[in-house]
Amino acid sequence: MEPSSIQEPFDLIRLSLSERVFVKLRGDRELTGILHAYDGHMNLIMSDVEETIMLVEGDQPGVAPTVNVAKRKLDMLFVRGDGVILVSPPSRT
Amino acid sequence: MLIFSVFKTLTDQQVTVELKNDLSITGVLKSVDQFLNIRLDNIKVLDEARHPHMMAVKNCFIRGSVVRYVQLPSEHVDTQLLEDATRRESLAAVKR
Amino acid sequence: MSSLQGYVDRRVLLILQDGRVIVFPASKPNANPQGVMVGFDQKSNVVLSDSKERIYSIDAGVEEAPLGLYLVKGDMIVLIGELDDAVDQAVDLGTIHAEPIPPIRY
């Protein structure tokens, strides 16, 4: 088997090691950072992380909800796999 | 197994554990088990004015399943080593 | 699961999935083996003697509700902390106003 070919979903993540990835998490959170490790639970270890949290306020009917975006930087981060919705490799353009 | 090993190498280092109830706790990592349950010593809750509930707690056991993030000391993480170990583990999983 | 061993016979504070905080009376520190974690098992189910719930609110001081002998299922536990008696008793709970801890959201 050609080791760099993509045969199953985790191969895509393996090929993203040491690259900047986009991660969508539960609770309206998103991360971008450099991927250094993962396992079968989708536990991740990433560095140089920027987290974006979307806070939706005002859910009364007739009022347009406002979305507040909070960002923060994290040096080195372990992310527990049960919160991961998707991992997207860097765009290769 | 890989991630468990990483945490074991970080024993006695300062980490910040962020829980799924939005509590953030900084402390010295004393031990970790296969479920990634974590024991912290000398703990401090971030934003103690808002979360005074743990003022008198000096060390704690955190259930792995309620952890959202753990902020790690980057100077004690060898990223090259991690990537190699991850590749090895993922290839071993395919062969199984 | 060796990590819980150190908490047997200690005064501990528990935070549960629904945000409740359970502690032990600290009126007589180290006087007798009352108000301590009695035991635990493989699934980190925990038995506590003479426990109390601490109820937090913004509008009023902390209220303590006695619960007695309690078995807490391991699944419900977020965190177990060892209390520093001296610090715990120096705090006048009646003056502490705080939001309850939010429940765990997966």
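Should a chain be cited, it is by its letter among A, B and C, assigned in written order, with residues numbered from 1 in that chain.
Criterion: a residue touches a chain if its C-beta (ideal position, glycine included) is under 8 Å from a C-beta of that chain, and two chains touch if they have at least 3 such contacts.
If you want to know which protein each chain is, UniProt gives these names: A = LSM complex subunit LSM3; B = LSM complex subunit LSm2; C = LSM2-LSM8 complex subunit LSM8.
In this text, all values refer to a predicted model and were calculated from it rather than measured experimentally.
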{"item": "Partner chains that chain B and chain C have in common", "value": "A"}
{"item": "Chain located farthest away, centre of chain B as origin (C-alpha)", "value": "C"}
{"item": "Chain occupying the most central position, where position means C-alpha average", "value": "B"}
{"item": "More contacts between chains, A-B or A-C", "value": "A-B"}
{"item": "Gap in Å, rounded to a whole number, between the CA centres of chain C and chain B", "value": "22"}
{"item": "Chain centre separation (chain A, chain C; CA means) in Å", "value": "35"}
{"item": "Rounded Å distance, chain A centre to chain B centre (Cα mean)", "value": "18"}
{"item": "Touching two or more other chains - residues of chain C", "value": "105-106"}
{"item": "Multi-chain contact residues (two or more partners), chain B", "value": "20"}
{"item": "Touching two or more other chains - residue numbers and ranges from chain A", "value": "27, 82-83"}
{"item": "Residues of chain A defined as touching chain C within the complex", "value": "26-27, 82-83"}
{"item": "Residues of chain C that touch chain B when the two form their complex", "value": "1-4, 6-7, 13, 15, 17, 19, 21, 44, 54, 56, 74, 77-85, 87-88, 91, 96, 98-99, 101-106"}
{"item": "Residue ranges of chain B touching chain C (in the complex, touch as defined)", "value": "19-23, 31, 33, 35, 37, 39, 43, 50-63, 66"}
{"item": "Parts of chain B lying in touch with chain A, wherever the complex brings them together", "value": "1-3, 6-7, 20, 36, 64-65, 67-74, 77, 79, 82-83, 85-87, 89-91, 93-94"}
{"item": "Residues of chain A defined as touching chain B within the complex", "value": "1, 3, 8, 10, 14, 17-18, 27, 34, 36-40, 43, 45, 47, 74-80, 82-83"}
